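Given below, in the form of structure tokens, are the structures.
Next come two complexes built around chain A: one with chain B, the other with chain C.
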Partner chain A sequence: MFQAKFRSDILKGIVDVVSTLIDEAKFKIGDNGIQLKAVDPAHVAMIDLTLSKDAFDQYSATETDLGLDLEKLKEVIRLSRSGDMIEMRQDEERGRLVVMVGNVTRRMNLVSTEGMSDPKVPNLTLPARITVTVDELQRGIKAAESISDHVALNANVEGFEMVSDGDTDSVSLKLPKALLVDLQCSESIRSLFPMDYFSTIIKAIPSGTNVSINLGNDLPVRLDFDIAGGKGSVRYLLAPRIEND
Partner chain B sequence: MQGFAPLPLDPQTFTTSNKGRSSLCHICKGSKNLCGKDRCPLMVKFYSYTKTKRLIDTQDLHGSSPPGVFVGRYGYPKVDIGPLVPPDLGDTLIMDTPEQWMGKSMDEIVDFRFRLVRGKHLVDVKDFQNGGRIVDFTRELALSVNSVDVEARFSKKPSGRIVLDDNIQPFGPSAKLEKLSITNPKYDHKVEKAYYDTDLKAAEAVKGLYKNEVLISRIQKAFSVGAFGIEQNRRLVPTRWSITAVDDLLGKDLLRSTKTFPLINEFRVYDWDQLDNRWSVMLTPTSWRYELIEAWYPNTVWNPAGRQVEIISSHEFFDGRKDYAEIGGCYYAARLAVNELLQRERRQSGAVIFREAHPGYLLPVGVWNVRENVRMALTQRPRKFNTLDQAMAYVQTRMDIPISTWTYHSEVLKDLKHQRRIDDYV
Partner chain C sequence: MMADDWTELYRPQGLSEVVGNPKVIKDLRQWAISWEEGHPVHKAVVLMGPPGVGKTSAALALAKDLNWGVVEMNASDQRNAEAIKRVAIRGSRSETFTDEGEFLSSKDGRLKLIILDEADNIFGREDSGGIPAIAELVANTQQPVILIVNDFYELSRKSSAIKNSTLQLRVSRVQAGTMRNVLRRIAIDQELEVPQRVFETIIENSNGDMRAAVRDLQAVGEGNLNMDEDDAFVLQSRMSVKSMYDLMRDILHDSDVRRARRTQMDVDETPDHIMMWLDENVPLEYKDPEDLHRAYLHLSRSSMFLGRVYRRQYYGFWSYANDHNVIGVCSAKSRPNRGWVQYRFPSYIMKMSRSKALRSMRTGIARKISEHTHNSTRRSAQDVLPYMTEIFRADREFRVSMINEMRLSTEEVAFILEKKVDSSEVKKLMIESEKARALKERPESPAVPAVDDKEEKPEKRPEPKGKQASLFEY
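And now, the complex of A and B:
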């Protein structure tokens, strides 16, 4: 059973960060909130999202899985203005989700969650942690995405650097310690990532958000940030490119 | 097919002298005039040779159409359409049924294709429903299952221009039609049903017929004469475009469910050799991604003047591609063939197709060659491997071109080699 009422921008925040990786999602509904773990089809990136029931104006649920088509949720969001309330109710008999925005009622078929596995979250020790506002990263991405199909994330005691080396041009975004919200790094660290994934992930994060970049040498990067005014959190994991031979 | 007198084919006739420089021909494939000349010198050389070898020297041709039709693309939306007719009577079905050409030699294929005279009649692609008897008869031929006796009267004797193209099967000389009559067409019932259903969308018609096991060459033929679709949307589609339209449409349709199937568990390599082409199809235990890499040796069709092997490739990752594949219609033909295997097994995988075209591959014989060869490769028993390196080491034993070169030209192989997965860290 699931029934909830919440502001439309809460839903938008969730759909934006999840739909960068997948088209259909299995939300795990619980007594105290919502959880989602998913990998993209190529298994290169992962999202781990939790949202407390405190993020909702009304929330009542018993444990269940909801399979949702994110494109349909986007259509619902487009019907609403920021600040509008959205109501959702699971229709268990018909296997539907009933969504009400103002005077509009949309009934959508749920997606079967049978084939959707629960991915295991890797347990990684990542030695560096850089916290920065996402806007800085978004500017760096804008400068770098036409340059190369991969991007290097570097950190040392002095700061953080994002470097994109193409065949003819290169771009680097250098953020010394003073421009960072926080820096915990005791050695020189570098990993390389696919640009298309990194840029779509960064672009999906709402501007003004503080993002913690957890980094190692030739290891996945983990991006941690809060959503819904601190009542929810997202962890993105992105696997590296390894330059052997 | 017995009894067709062979056309003498000397390999040297069709290759230009080695000019000692790399050429653009393997990219252009005779269609884009990349060399800057008005007409493709390779083609011209070939035409001039064949002009002297006229098979057909008459204004009145009586023969059995396989059945075969051709819709031209030059001058679109005003195009030449008409039947393909050989000077032979009887069952000529094989002449326009590429699905039956596997195992035939280059000489055999070229021999019977060059006997097909193309009748031409200029018509607008949209305004063809009342295009007259020639258009009606051409459509009836395209919908027929059996060879159909045809009497054609041309305004001039067919001229010896023989069409060679990377996408379409070659065919012989052509001439303007003055009069056309046909006897005893027998419709393919499934195709006929789609033809009379004027509320059925063309894409649905194509998918439905394919599921009902109608040959792709037959679907494509009917598609080209505007036999499918909602009535007011029907139009003629140039043969070249209709081949790729059907391959693309069917491949995309299969892919929608292929992408939901569980992954295969190992790397596999399927091998096949034909017409001096070496094929290896590698399937990878990953989500869908696909690449076709072709290596053209010097003195092959699309690399006549080169000193070195020319390699070109096109690829897509899970989300597919938006622009037309650099490599051409063969990309879509092979993609369909790979998806047919994955559908049979209800499994998902990635696919990288390696093709080495060696110098015995003299003449372009059409996209069917790629589709049928990849289909054939995928009916062989695959070799299975645990790692990409093992699979590539095996491919190396089959191919002359080094793995490093293949990888350099392959986005999918590079990604497999360099990009880690989340699962690697669990």
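And now, the complex of A and C:
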């Protein structure tokens, strides 16, 4: 059973982030909130999202899985203005989700969650941790996107650097310690990542959010950030690119 | 348990469980080891063979044996150039998270196997980018790739790159003895009592398709757990989907006219099709000139009736054509041929379908010529195209200007030059003509400042929304 009422930007925050990776998602509904874990079809990135029931204006649920088509959720979000209330109710008999935005009622078929995986977030030792507002990164991404299809994330005791080397041009964004919210790094660290994944996730994070970038040498990067005003959190892991030798 | 699909339930869990084709399994294993060691000669393998013989099973078993991740794109997924880029190509450049959320690093030999199932029918007509996308995947992948095809000819015909840079392994049909062992094992596991007769019928009907055999066994098993001998006959009639090859055997090899007639009714084929098959295969069975004479007399009668069907659109004549085809040809032999004959697919149909793309390409080019020469399409194809082809091959300037003048596509250029679409000559030529076109459309030196552009813009506005080129035409 699932029944909830919440502001539309809460839903938008989730869908924006999750839809960078997958088209259909399995939301695990529990007594205390919602959880979602998924690996993208190319097996390059994964996401672990939790949202406490405090993020909702109204929330009552017993444990269940909801398989939802994210494209349909986007349509619902488009129906609403920021600040509008959205009401959702699971119709267990018909296997549907009933969504109400203002006077509009939309009934959508649920997607079968059979075959959707339940990944566990791997335990990785990532020695560097950089915390920065996402806006700083977004500027760098904008500059680097068209340059190359990969991006190197570097960190050392002095700060953080994002470098994109193309065939002819290159772009780098340097953020010295003073511009960072926090820096924990004792050695020099570098990993290379696919640009398209990195840029879409960075662009999907709402402006003003603090993002923790956890890095290692040739290891995945883990981005941790809060959603829904601190009532939810996201862990996003991106596998490094294999470098041509 | 019963509701499960047995073909999934009993899918091999490792290469050692894959039945048949030991050479292929060995080569596959060696290829995988070369990847783990970091220096594969071939980045991709093509597994080709008929349906149901274990191509996908072998690929999945390989990944399981080596603890690799798997990205599988099969026919049920949406697949086109875009999807191949989004999933397969992106996945092929990076390290891996498995479905369980484990991180695999290629440095530790933990790779991701990218499987494109049914790679020969990925591309519908609307999607022409499919083959280049596969070629790109195969050329630049940093992870092992397996392409699974029924018909490699389709794929290799369009791209020499795919043909030349992959390791091709041919998977053959599963032999009856091997099949019997597998089916027995499954029956024991399911606590099924299956009479020998039923096994044999299933195996015979499957024609080497292991998956079909397992499905049939499941169908048998789910209906009735304790079968007696009669079930085999029920099964036989249920599964009597007869093929053209059965029909050929009944007509040409055997002498039972009635049975041949029954088989013809079971086979879902039109008389004109059957006639073409007979036309191809009669001389393989009938050696006596008298027999041949009589058989072809019936075929020619059949052909006359089919002509009448076509002209009058009266399908009642089909039954006469069928009688000549089946009864006529079957009874034309004085004595049956004893030897075994491998029947052939009608070469006429094969030639026509192979040349279909070429014929339509030819018509397309002729149509373009006819627009410029004010000829009919047929005239252009007959009278102009041969000369144009010769000059086109000989004269480089002519080539470039013709490409731009007639807007010939890469495929059309390749056709005229008789080269593959992705060959370097064609590519170079297209780039060259692209440059020539750009030069032509911008005759003034590029130093002309952008300001000019702006000044002229208001003048251009009122014109109908057109090509950029119109700006420079006056």
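Following the convention adopted for this analysis, the second predicted complex is superposed on the first by the 244 of 245 C-alpha atoms of A that agree within 3 Å, B and C clash if a C-alpha of one lies under 4 Å from a C-alpha of the other, contacts with A are read in each partner's own complex, and residues count from 1 in each chain.
Heads up, the rule we're going with is that a contact is a pair of C-beta atoms (placed from the backbone, for glycine too) under 8 Å apart; a residue touches a chain by one contact, two chains touch by 3 or more.
Everything numeric here is computed off the predicted structure, so don't read it as measured data.
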Chain C versus chain B on the shared chain A, clash or fit after superposition: clash
Touched partner set for A:Ala128, first chain B, second chain C, both or neither: neither
Which of chain B and chain C A:Lys37 touches, first, second, both or neither: second
Touching partner for A:Lys120 - first (chain B), second (chain C), both, neither: both
Touching partner for A:Val163 - first (chain B), second (chain C), both, neither: neither
Partner chain(s) touched by A:Ile227 [first = chain B, second = chain C, both, neither]: neither
Stretch of chain B penetrating chain C in the combined three-chain arrangement, among 166-174, 202-210 or 220-228: 166-174
Touching both chain B and chain C, residues of chain A: 39, 41-46, 119-122, 124, 194, 219-220, 237, 239-242, 244
Complex contact set, residues of chain B against chain A: 259-260, 286-289, 317-318, 417-426
Complex contacts: residues of chain A adjacent to chain C: 37, 39, 41-46, 117-122, 124, 193-194, 196-197, 218-220, 237, 239-242, 244
Complex contacts: residues of chain C adjacent to chain A: 69, 71, 86-88, 90-91, 93-103, 105-107, 112, 142-143
Chain A residues touching chain B - in the complex, by the definition given at the top: 39, 41-46, 115, 119-122, 124, 194, 219-220, 237, 239-244
